[in-house]
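So that you can tell them apart, the chains are marked A, B and C in the order they are listed, and the count of residues begins at 1 in each.
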């Protein structure tokens, strides 16, 4: 099975470790044995001017997933919305009303579906590929989440390299670890129940840039990547 | 403490990774230090003709547990039904009505208890041993679950050896890994919080049989054992 | 960020592995990289005469946390009560009524807040330091929990050394492991998603004292420390 999935993650935190905005949306193509991405696309957001409602994230995810799926022709597309695996093209008002989610979730989705349902329907009509709101149950969504953490680390490194910032605190997606070594950023799930899910991208880090990874003291099972320049 | 527990698991999956039916019910005897089975009994089902309601599984589990308990005389028997550890012989209608489970669960148990309550009552009258519906909280039930995965792998190997199938996709119980080496199938929990829970049985695997273990992409934290013959 | 947190844990179990009472309350000071305690205070309870309602535990925790915080001047204090991180000094009746917790939890807190709210208010007025009911989300609370397990092991060793008991069964806090080696008791989380959270204290164990750590068969993911003297 060949699956495209998308997710958004990695947050700039302020000095009191509160999130300011999210950093990167990643779409991945995952194939057997389903433990890393075969291909990926990334879109960076401006975390300092971010729509924290999650609305922009979902639109970015579906658009980026469709872009990758058009090129790679997977069997199915997975989005990080936990609606029981329903086909997004079928998300009309009565269907959303019948979902076993909170009333608040229903309002959000009735509004969101105006944008995403037509995108999914058009993509399905053109390609026959379904876009499923499977969320937490999907391994490819988790792999996309891990890549969003890796690209958020890369973004932070570039910001410091370019001199835009001399210090950044990044909140990584849930229980993932990050290592930077031999010209690579590697991100791995810290949950062995998931199997050895990981991702890897290239990076150049100058010697005067330092970093540290440690638990977020305010949110158990989430970790922080902190980076700074030494001049 | 000496505990007998039973559970059912391991599923034949179709090519789209949907479950067709469950494979094996296992009863185990577990003693201190409570990390593997001292004795076990297995009953294989026909996964291609399976009662997916779960009714048959529970009947098989209680019968197999009683069979092992008659021989080994444990202190208590644990079943994989999460009803707060209640004694199964006491499961009459008013008691079920008072349980803090869903209305649907109550209907299922009112029906099921007609069969299992008399079995538990008779066994208790004969032996003084209680059968508890403890479910997810029990370590011996988890060990029985791991063995059901191991025996499902053994079943798949035998099916391919006998030429009944040349390819099988088995869904393993939640977060367990499987290794085949030196004439043994070893299954282990992938959740270190549970401690080092494992099971092991003997097996002969001819050289022309190949296998692979990888994450189930559709159900995070569950893994797949895929096996095929090379001719 | 410098955080003081407190928690209570470690239980004496009877031969059927049922809890008799809790053993130790620990306050910890945690600083970056937030994986162990920089300082700690411990208060032992009498597990054979224990208030199992949890009321005494919360009072002990807030008092011990305040004692450590007066000396170490942290940025904030975390208590092991999962009320969404609310400031304890603000816990009046209308605020408790508005919390999204169970009705039973509201009754307990309306009663408890009569004692703890004035303590938190007075401490805040004197020092400006907030005491937050953050509970499960806090890493320092988890570190305090691990230390409560370590000190419960120490308590058990001392009881056997002094000849008060020749055999004790201790229920450790959730998914933590314990090792005794080279004059040290080390406790570690068994959940790698939390990162490498641990604690360590000194101990002298005579050669005639033996112990074993194994899963609690009745409560999955909890482990037992059993200790006995050999004479």
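Miscellaneous remarks
Simple rule for what comes next: contacts are C-beta pairs under 8 Å (C-beta built on N, C-alpha and C of every residue); 3 or more make two chains touch, one makes a residue touch a chain.
What you are looking at is a predicted structure, and each value in this text was computed from that prediction instead of being measured.
For the pair subunit A and subunit C, the CA-based superposition corresponds to a rotation of 120 degrees in steps of 5. For the touching copies subunit A and subunit B, the fraction of interface residue numbers used by both falls below half; the interface is of the different-residue type. As a whole-number value, the distance joining the C-alpha centres of subunit A and subunit B reads 36 Å. For subunit A, residues touching at least two other chains, in rising order: 191-192.
By the touch criterion given at the top, residues 1, 3, 30, 32-35, 134, 136-140, 142, 191-195, 197 of subunit A touch subunit B in their complex. Across the complex, subunit C is touched by residues 16-17, 174-175, 190-192, 212, 214-221, 223 of subunit A.
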